[in-house]
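Consider the two complexes below, in which subunit A is the common component and subunit B and subunit C are the respective partners.
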Partner chain A sequence: MTDLSNRKWYTGMLTQEDWWAVWLGLGFFFLSLLNIWGIDLVGWITYPTKWVFNPPPGGKGDISKAFYALGAKYSLTAKDFYKGLGWWSVLWTYVIFGVATTIGAKCMKWNVKKFIGGWTIIFFLTIATWFIGHHAFFAATKVDWHKYGLNFALSLGGGASFILALIVGLIIGNFFKGLANYLTEAAKPEWYIKTAIVYLGAKLGYLPIKLAGFSHKLGNVASQLTFDLFFAGATATIVAYLIFWPGIYTISRKIFKLPRKTAAVLGSGISICGVSAAVATGGAVRAKPVVSIMVSALVVVWAVIELIVLPGFFTHVWPGTKDPLVGGAALGLSVKTDGADAAAGELLDTFLRSKIQTETNGQVVWPEGIITASAVMTKVWIDVFIGIWAFVLAMIWVYKVERRPGEYVPPSEIWHRFPKFVLGYFTAWLLLLAIFFGPGHSGAPEGAALLKSIKAGVVPVEKGMRKLFFMLTFISLGIITDFKKLKECQFGKMVWVYFVGLFLFIIPVAVIVAYLFHHGMQIPNIAAYVK
Partner chain B sequence: MAEEKKQCEVGGSSLSVDAMETHDVLEGAEPWEPIETKLVLGSFAVAIIVLLIGLWFVPTSILH
Partner chain C sequence: MELTIIHDGKDWVAFDNGVEFRGYTLEELDEKVKAYVLESENFASQKEVRVWMYFNTAVIPEWMRQYMQHYFNRVLVVRREH
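Let's look at the complex of A and B:
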């Protein structure tokens, strides 16, 4: 660690993926706030709607409106302009985010030419899968079938697009290796999801504003719910992690007879936030780089398997719609990459909202994003914990296990290991909450005009940009996931440690801890306020 | 064997893994030492303390 001692607190602000998630996330978030002064610069973001080839007379689903600029619906000052964009909003989104991400890629010293090529292909593949996934046969919930002239549909909501994007990515990653290799410069699921998580912070902060639009009381219920998730998520994370790490460490050492340093890195990789934790712990305990590499590769592949299995399990087996936030929080504690976790949370969110609507015949409707937020909240706390734990482990290894005389672990390591995108997430959330409780008068009539202008700006961010970056994450995750890696690189024993550790220890403990702190938390019913 | 190199890709970056080195990090476990017992039990103990405090103070816990 001493070779890194000349780092400053601001090191990496222009060169690290983490920081670029903050700049992309907060940059567009702050642009959206210009709506307070009547300037709408974010309404161009494209968004899909459900469609069919032959809409019934008087029904919905016109294919010419399958993509539209969100400003056409929400803008207060430029609605007519954004209405005119229609499908062209796809191109606007491509160009604006293409420029923004390319600047990031350039600063991070990636191959810009390759990035632009990769970005272009990934973006338009994303749009294509988003479009197909919104065919009413996949996406329409039971209560809406008749509007599209359907007698049956899969009722997957927006989840269909996510699954499709993952499948397309996996096909490329596993069967078209040449193309996958070309796309890797722009297939950056961790960057995309961290940016989406900053937008999720905006969603969390916007939730009370949105519900206050329905009723003053609902707004306050929502703000309380976000605080509850914040505290429950923090405590559940600390408890779970302090059980996860020693458990996996003991399993690795006692049952699988792994060396001490390998067990320590595996303990962090399987317990916390996979790749970053494995790298951080590998550095802290001075494990050979190959250990972090092997664990990181395992983490990525197993996280995708969790993403495929767990949302369906938590929806249809347990806890289902009875305890939706237990399922969400358990995902955050058990899925080991930010990308797969947030993606799994989003899937669970769409599955459970669709299910509750079907079960109650439309009598119960949950606002979108709360279940995703419960999955991300625990994950964010785990990310925060990585730096602290890497610091603690480094101290234990230096001063106790290996007793390296004269070596010093600087406390600044905590900052350098800190996941910076979390700053963007909390900034967006807390700033909107401050506006809601301050000049927004907690949703009372005297704050209504201000909150309405906030809504016009923030919806394109928390809805359009967040979903777009989720889609980019799904497709990129698939592209970089090669299942053959499990066979290669002599993983053998590690695959088994991971399998046993994850399914027989981590997931059960995650579910129990999530239950202890989230059982009984209710999502407000907005059925009376939506069409 | 030592000459044999395999490629592992992690998050898009290509990294070279020496097969012999891979074998090294999976074998040769050191004997379990008392410091490891302390580390594991200490972690569990802190988890239980945080759990009890959390159950008591967090308003959404099952105790409330």
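Let's look at the complex of A and C:
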């Protein structure tokens, strides 16, 4: 048996997905910053655009341009080269990320042959769903229909691709189990989403730079908004640990009469951060691993159900476009895995941006990513404290509840349970902010040249790579989600605790708290600055 | 002293080169480890021995490890009473 124990503070830096999300995320992020010195090594990343089979004369949607290298649009030094890539950018992306992820897989001692096979299938399925989802019938917003020769379209924006990727994944996971089993080696939604979240950190840091390109004032509004989200997101920590957890623990114990350890693990799984919390709490209370395994199987399925239901609910029922960041923050509080939460946030982001454009006939356009950021920010806050929470719980359990003589809980447990990808997220965000406020002169003319070169490098990362890894997450989530597991496992009471706890307690409280702390936050309107 | 600890579905198992301890509960496991330490000549000169037990997450299903790659490490402090 391979030894995967954590013995030193640096254990796992080359052997755990969490660390590899940091390396993949920051590796390409730092590569993008070479643009400051005129070296563009990231413009090859492929990106889809809306298309139709028969574009109208003078209109848009040429299928031959359905995928392009982002460098063709944003590069300052290699634009002509990247323009020549066109659809070939898909292959470039496949090879470069294939090599990077395979190095990771090799270091993590996975079956490399199986990983490459799985990666290849998942990657090209991702591209296929990304392509189909960008047919203008699915993606074009009302103000753009005429450009594609359409009288009607679903106006889902990029959300159609995400939904399609999830559906394809779920079909494989539930009806083609042999294939799903083969793909498991490369279907790693948490690895992909943690990498995407590092790129989201770059997105957050880039937001003021982007908006400063429109106007100096907008840049500062954007930076202020990211800080507001950061501080408002902190409330999530208190809610998850001090309201949700005691509530679910009490429901489990008093109403459903579950054993103490099961209630603690279930409480963390439903209340805090899903599988990671269930595993951390299982370890903290010294439960047999099977307890965490059972809870985790539940969490994964319920998180996907939330991913399917909540973005649509928050878009079309409440709060809609009136309070978009309330919906995002509520997702962060209620969807219990990083993958499903960030994916739901991204869906909500695309839905609400399309909706506001349609409702206002193009008079209001929101920059992408802010609603996603509101969903992820609350979740990151919750994630960060899981190590401390599990440490405190372990002390209570070992010293008070079970009182095992001679046992001592080492403080290094906090570090071992700390989500390392968060380091990448904050590094990317804060570094770009430092550049914006420092040599970028907060978007003033004297910093414009530097910020322009930053833009050339960071856009392929925050837009292309982030979206690609979101797509990989959606499809992988589907592949590993087998709804039959719920029925087969016969969890009985635990399923009911989850159902009652989630829909009658967690989601309503999440919505109220999100409303209290995010109500009134406005996303800047960039309609005047975009075509 | 350093041990690797796992749960085999029935018992907690702590082991290292040549030694293995089993217990249905952690208390049972700890009693066996304590007895070994107190009887072992290797630790005869030490008043206090800290036994580190590092959980090997290889026993957690692979699909779950991407979410959290640490179960627990624990330390058992064994004191020799003279």
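By definition in this document, the second predicted complex is superposed on the first by the 524 of 531 C-alpha atoms of A that agree within 3 Å, B and C clash if a C-alpha of one lies under 4 Å from a C-alpha of the other, contacts with A are read in each partner's own complex, and residues count from 1 in each chain.
In this text, contacts are C-beta pairs under 8 Å (C-beta built on N, C-alpha and C of every residue); 3 or more make two chains touch, one makes a residue touch a chain.
This is a predicted model, so every value here is computed, not measured.
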{"item": "First, second, both or neither for A:G406, with subunit B first and subunit C second", "value": "second"}
{"item": "Partner chain in contact with A:G213 - subunit B first, subunit C second, else both or neither", "value": "neither"}
{"item": "Touched partner set for A:K288, first subunit B, second subunit C, both or neither", "value": "both"}
{"item": "Which of subunit B and subunit C A:I480 touches, first, second, both or neither", "value": "both"}
{"item": "Contacts of A:E190 with subunit B and subunit C, given as first, second, both or neither", "value": "both"}
{"item": "Which superposed partner A:R7 touches (first subunit B, second subunit C, both, neither)", "value": "second"}
{"item": "Touched partner set for A:M521, first subunit B, second subunit C, both or neither", "value": "first"}
{"item": "Touched partner set for A:K254, first subunit B, second subunit C, both or neither", "value": "first"}
{"item": "Touched partner set for A:G27, first subunit B, second subunit C, both or neither", "value": "neither"}
{"item": "Intersection of the subunit A residues that touch subunit B with those that touch subunit C", "value": "184, 188-190, 275, 288, 290, 293, 296, 480"}
{"item": "Interfacial residue positions of subunit A with respect to subunit B in the complex", "value": "184-185, 187-190, 228, 231-232, 235-236, 238-239, 242-243, 245-246, 249-250, 253-254, 257-262, 275, 287-288, 290-291, 293-294, 296-297, 300, 396, 400-401, 480, 482, 485, 488-490, 492-494, 513, 515-521"}
{"item": "Subunit A-facing residues of subunit C, complex", "value": "2, 4, 6-7, 9, 26-27, 30, 34, 50, 52, 54-79"}
{"item": "Parts of subunit B lying in touch with subunit A, wherever the complex brings them together", "value": "6-12, 15, 17-19, 21-30, 32-33, 35-36, 39-41, 43-44, 46-47, 50-51, 54-55, 58-62"}
{"item": "Footprint of subunit C on subunit A - complex, ascending", "value": "1-7, 12, 16-18, 184, 188-191, 274-280, 282-284, 286, 288-290, 292-293, 296, 337, 394, 398, 404-410, 412-413, 416-417, 480"}
